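Working notes, beginning with the structure itself.
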Amino acid sequence: MTSMWRRFLALLMVFGLLTAACGSDSDSSSSSSSESASSSSSSSSAEEEEPAEEFKIGLVTDTGKVDDKAFNQSAWEGATSGAAQIEGATTDYIETEESKDYANNIQLFLDDGASVIITVGFGLGEATIEAAKANPDVLFIGVDQFQGEAIPNLAGLVFEEAKSGFLAGALAGMLTKSNIVGAVLGTDLVPPVVFFKEGWENGARYTNPDVQTISTYHPGGLDVAFGDPEWGATTARQALDQGADIIFGAGGATGNGALIEVATEDGALCVGVDWDQWGTVPEAHPCLVTSAMKDIVKGVSDLLVAAKAGTLTGGNFLGDVDIAPYHDFESMVTDEMRATIEEVRAGLADGSINPMPE
Amino acid sequence: MSDILLGARNVSKRFPGVLANNDVSVHLEKGRILALLGENGAGKSTLVNILFGMYRPDEGHVIIKGEKVDLRGPDDAISRGIGMVHQHFQLVPPMRVVENIVLGAEPIRRGLVDIAEARRRVVELSQGYGLEIDPDAVVEDLPVGMQQRVEILKALYRNADVLIMDEPTGVLTPQEADHLLGVLRELTQTGLGVVFITHKLREVLAVADDIVVLRNGEVVGQTTPDETTESGLAEMMVGRSVVLRVEKSVAEPGDVVLKVDKLSVEDDRGQVALNEVSFEVREGEILGVAGVEGNGQRELVEAVTGLRDLSSGAMKIGADEFTTGSVRQISEKGVAHIPEDREKHGVIGVYSLDENSVLNRYHRKPFSIRGLLRRDVIKRHAEGVVEEFDVRTPSTSVPVSSLSGGNKQKLIVGREFSDDIKLLIAAQPTRGIDIGAIEFIHRRILEQRDKGAAVLLVSAELDEILGLSDRIAVLYDGQIMDVVDAQEANREKIGLLMAGITD
Amino acid sequence: MGQVVKLQQKRLLYMGLIAVLVLIWFFYRANGPQTTAVLAGTVRAATLLALGAMCGMIGERSGVVNIGIEGQFLLSAFAAFTIASMTGSLFMGTIAGVGMGLLMGWVLAGMAVGLKVDQIIAGTVLNISALGLTSFFYDRSRSLGMGKYTNIDLGPLADLPLVGTVLFSRPPLTYLTMALLVVVHIALFRSVWGMRTRAIGEHPGAADTVGIDVIKLRYFNVTIAGGLAGLGGAYLALEAVGTFSRAMSGGRGFLALAVMIFGRRTPFGAYAAALFFGFTTALQNQFQLNSTFDIPPQFVGMLPFVVTIVVVALSGLIGSMRDPAALGQTYEKG
Amino acid sequence: MSRSLLRTISIPVAAVVIGLLIGAVLIVTQDASPATAYKALLIGGAGDSDAILRTLQKATPLIFGGLAVAFAFKAGMFNIGGQGQLLVGAVFAAGVGFGIDGLPMVVHLPAALLAGAIAGAIWGGIAGGLKATTGAHEVIVTIMLNFVAGNLTDWLAANPWKDNSGSNIVARTPLVEDSAVIPTLGAVPVGFLLAVVTAAICWMVLERTTFGFEVKSVGHNRHAADYAGIRVGSIMAMTMAVSGLLAGLGGAVESLGVDGRFEAGVNVGLGFEGITIALLARANPLGVVPAALLVGLMEAGAARMQFKSGVAPELIDVIQALILFLVAAPIILRWILRMRHDSSEQVQLGAGWGKS
């Protein structure tokens, strides 16, 4: 018994020593490390000579990582590119582990004296509204958060995904040789996914009335629907096997699985989602003709600049939607197709084309 | 020395709290049968496990073919020509006979098991020794006697010079046992040596060339059949003179307590285990059920106590009829049950004596009221049982797993006898416990009979059946061959019935 | 007696097989591309389940329950992906995946056989650790520049209608899995190793008395079985998907267990069961692609899981299957 | 008594310490300071009343989940379906919470809790009932039921019970009525108190009632329980139902006390953590509370840890896995600490898929 406790105490002491040894400079290291987390990506390098008033930008991700090759990452890139245009701006982020922590994670930035807080994803909508109401001095940018009533210090950055999907679908309708286009999607529980899908199908029919659209949502719950690339790949293959030659992959890792699968099929094309996936899914280069984009990077960056300039107002801001460059497939898209796309783009802009009738 | 096939020299082996073997020396010569005799716990199993390489001796050493050896394991012993037939067969039930025999020493052709060659060798072997067997039969489908034959062939296949047989006759009819003894005798003609472990005096005198008696881990006597008698051996075994027969008064049977009518029951595998069995047990009498194990005794006990559903037939306890099993309903009728397998059914090892003393009574007053246990009442009850039934334990709070087999059994008996009982079902009530405890339990069972309880005694020990019963029913292949009065019964007559032979 | 039952079962099996083939032919005549697509999807979804089931089977045949297959898949996929992307070689990645599987198998054996930790708990530890470790160490900047394993056509066989696409135009690890089914079957039922393995799962004491080292063999088997799960992980990352993502195994390790039990712990039985579950998945996709029913995908998506429950319950009722007698028990000598 | 208590807690405590030490090494590999990280973790979980509230909120479903697993352990069963049971409990409690109005709190809140508990009990009872009647192994059935529950609750939240107010596009139910909200007293959520009381009740049931005696008898020796006249099948079914009830109650408290509604996807993984908690507590209902508090504290502080030191919050998962490993294999700790063997240390489920 005694020998056991001696060992135990020794262990505790080792642990205590470790704590003490590192603890002596814990204050300095805490601030420096938090800076080191941000300095790598922030603009602190250029205009450091004049320590202008601090402009702290905080970003709270939706459940997921800041380098998720999807909307969290694009918002983060928007934040850093916005910060680069603002003197004295620092950026930092917190990755949300569990959706119950949204409010807490926002609070961490509030306690830290952030000037602008960006929250990513409609899931944070409510927590953001509450925080904005409670902290009228702090500006909030809610990505993908539609604002029902305008709160002066909260700007919702929203996108019309259906238009983006429509454009991509319109291109696909012209490019398909088999007249079958497929879509492999996250889940119908998340409305943007539904908008992308409906727009995609309508766009394809707009340019190609004979086209057959075959689309599948992931059959699992919200917890797996965006994280199941194996299902995405298998389903994409199933669509290819029955004649589809263009596949739209929309749904996080699940959709990426579909894109990578299409890349292995000669002659088949794929369409990415959210932003130009050329940069995020290099495995899909052999097939990636374009992506149905919503420009979160630019939207966030613009709103940040406006915030610094004091011109940010509450309410909704429509971000740009478009399709990404064709990269390796520039030659495949004929002038005629380009003209049609321009026509569609104009039609969507002036409202003469409705991407989601009914 | 050089004639010694297998031997132990000054072997000692300690387990936590027990000196299992203390300076034991034995030796077996070519072509002879050495009987190791002793009570349960005398150290026979330990010694045999040392000889077979399962344990390493703390002191002393093993001798094989005249040489000191340091056995590294059973495979080492096997490769030196030692074969062992364990009391609990070491066979893989769902595998075929031939696979079981060659397991661990398989003939190989092109990287795979050469089953054809294996079968050929098994057939050759079984014909050579007159031990006929179907090499492709699945072991679990074979009767016990045949399984034992597989075990013997397994040893012979490995070119054994020595065959160690651990309690080989416990599962056989007296006739089968005699046959086995004959087979062993024949095997010794070819130069084989046999170590024969038993606690049955009769068999020792019938077959052994040399006898070694163990008690409390020590050799207490070495003799030969010519120099001794059953009572002499018994005295050596126990260390005092023992009464081999139980003294009992004449039974005075009263009303029928248990009536079983055309009872049929299936075993775990869905095979018919009891086929239209009928009998009755009256107040104040003991009905013994004799038979070789595996002929339906277990299923009979389970059916009568409600552990197993009846497939057809009926049974009546007192005035109540039961057709589906319900342990609790039946036990509420004043039925006590000493289960066959005390570790599996009789106690819960991690529970204390307190808890085990009410294992099947916890739900009744005074042990619980409205679903709440009354710990103090239970404790007092347990202390009463311990006191009355002489259970040796430091306290009633210790886990039952810390008790010896005999003390566990006394606790079970005490628990079952602590109520007024109308019907006692006692299955193998003295298996694996020392003679003192056996005598104690026998006396208690007779006491219950004399108090007017009906007793159904199921035992594989023919001596126990013959000693205690007032009437004896013999089960064979799920049927009752006959019910005979104890006065008219003798070993030969019952033995024939146990083998399914009627005149 | 048992022979008659076996014969009847065999006859039933053949009749079922013929019925399935007739049905396939019927559907193929009705709609070739869709039938091909569904069956190809079936075979594809079955590969991972078959590998997991073989892993579980070897463990259980030797008496060790492995519910850590899910974790083995995940961590092996991670290792395979990471190494493949570092070296630029899918082959090296595959080796790494198998290696990680072996390592995890060894850890499981260490806990369950060596330290005698409850086997279910040991498996759970693997699952939780794999999820934590892969999330913590995952570096998102990695990718497979060279792409994933692609289909290899088996000469003229690949040009056959239906079976050409379904069976003979497959990526390498799928072929390897099919070959392994045969190898494991022969090993399990014909080799010395297999006979001893089955013996230690049924009656380790008996195996011990004939000189088989139960502990050592269990260590070996659980480790080797881990290699199969590791191959499954490599398949997942390098052949099925072509990248790694968090929790990408998505419960398939658990499905593999159900498949193993349904397949009576035989490789071919498990493969048949895996095909069946692959079929339910492919079928529900097809229902959606064709807009056959207007049911929410959440309900169609329940199909494989409900079917599993029904099957496990039914096979229990029928009593056709029996666990290895020593399953789940630690073995102590003497 | 105190001596045995010391022995009982020494293994988990040592496991936690060693888990944190190894975690510190991992933190160093991430170029961060363990002291900073752990300090932030501690402040984030217990630094002020908000932090304590968060920790208690996190601990609450862990207690329920841990109790669910621990209770099933006692009957020798492994309930890996806490997740599904929690989800159905959460959605049905929310359903009663928002679907009925005009009830006083004393009726409405208990009714909503009960709805969740019953839903969980049914979900667990299915697995137990199938085990008792057909021998279908509860591990497989509960895993499958987790998937089914995920789909079912997602569908309910996205379709019939969807919150259609305002601009909501999320798959979630409306907020529950005020009369069904579990209140918070200062820094202490009442749901947490309910969890602690439930743990005490579980202990009482197991140690002091005939039902508990039956459950443990089945767990320790199924055959002896059979011999003792205990209906093993129905005890197993009831145990799984109770286990599901506990998990379902956890879901109900989550909906009524933390989220205020049911929302698809927000309760991911909560049910699985019960396994860690139960093992850490060595299946003792009273031990579940401190185990849940520890894990709850780590989870509550993880975000602050990342904020202050840049260490990814997944570190917490790794540390949990390490602790679980050390608790499951106490022999490693004994070897490190040179402790004597104690047979009661090992949790055994009597694994295997067996029907017997």
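For clarity, chains are labelled A, B, C and D in written order, and residue numbers in each chain start from 1.
Note that contacts are C-beta pairs under 8 Å (C-beta built on N, C-alpha and C of every residue); 3 or more make two chains touch, one makes a residue touch a chain.
Just so it is clear, the model here is predicted, and its values are computed rather than measured.
Engineer: Between B-D and B-C, which chain pair is linked by the larger number of C-beta contacts?
Structural biologist: Of the two interfaces, B-D and B-C, more C-beta pairs touch across B-C.
Engineer: Taking the mean of the CA coordinates per chain, how far is chain B from chain D in Å?
Structural biologist: Using C-alpha averages as centres, the distance is 47 Å.
Engineer: Roughly how far is chain A from chain B, centre to centre by C-alpha average, rounded to an integer in Å?
Structural biologist: Each chain reduced to its C-alpha mean, chain A and chain B end up 73 Å apart.
Engineer: How many angstrom lie between the centres of chain B and chain C, each centre taken as the mean Cα position?
Structural biologist: The separation of the two C-alpha centroids amounts to 44 Å.
Engineer: Please compute the C-alpha centroid of chain A, do the same for chain C, then give the distance between them in whole Å.
Structural biologist: 35
Engineer: On chain C, where are the residues touching two or more other chains?
Structural biologist: Each of 251, 296, 298, 301-302, 319 in chain C touches at least two other chains.
Engineer: Which residues does chain A have that touch at least 2 chains other than itself?
Structural biologist: 187-188, 219-221, 224
Engineer: Using the touch rule from the top of the page, what residues of chain B touch 2 or more other chains?
Structural biologist: Within chain B, no residue touches at least two other chains.
Engineer: What chain-chain pairs meet the touch criterion?
Structural biologist: Between chains, contact exists in these pairs: A-C, A-D, B-C, B-D, C-D.
Engineer: Enumerate the contact residues on chain B facing chain C in the complex.
Structural biologist: 49, 52, 54-55, 73-76, 78-79, 84, 86, 88-95, 99-100, 103-106, 108, 111-113, 138, 141, 154, 270
Engineer: Mind listing the chain D positions that touch chain C in their complex?
Structural biologist: Residue list for chain D touching chain C: 26, 78, 80, 130, 133-137, 139-141, 143-145, 147-148, 151-152, 154-155, 158-159, 272, 275-276, 279, 312, 314-318, 320-322, 324-325, 328-329, 331-332, 346-355.
Engineer: Spell out the residues on chain C that touch chain B in their complex, using ranges where they run on.
Structural biologist: Residues 2, 186, 190-192, 195-196, 198-199, 202-203, 205-213, 319, 322, 325, 333-334.
Engineer: For a test of understanding, state which residues of chain A touch chain D in their complex under the given definition.
Structural biologist: Listed in rising order, the residues of chain A that touch chain D are 3-4, 7-8, 11-12, 14-15, 18-19, 21-23, 26, 29-30, 33-34, 36-37, 63, 92, 94-101, 104-105, 107-108, 112, 122-123, 125, 146-148, 187-191, 219-224.
Engineer: Touching residues of chain B toward chain D in the complex: what are they?
Structural biologist: Touching chain D: residues 305-307, 326-328, 331, 337, 339, 341, 344-351, 355, 359-360, 362-363, 368, 371-373, 375 of chain B.
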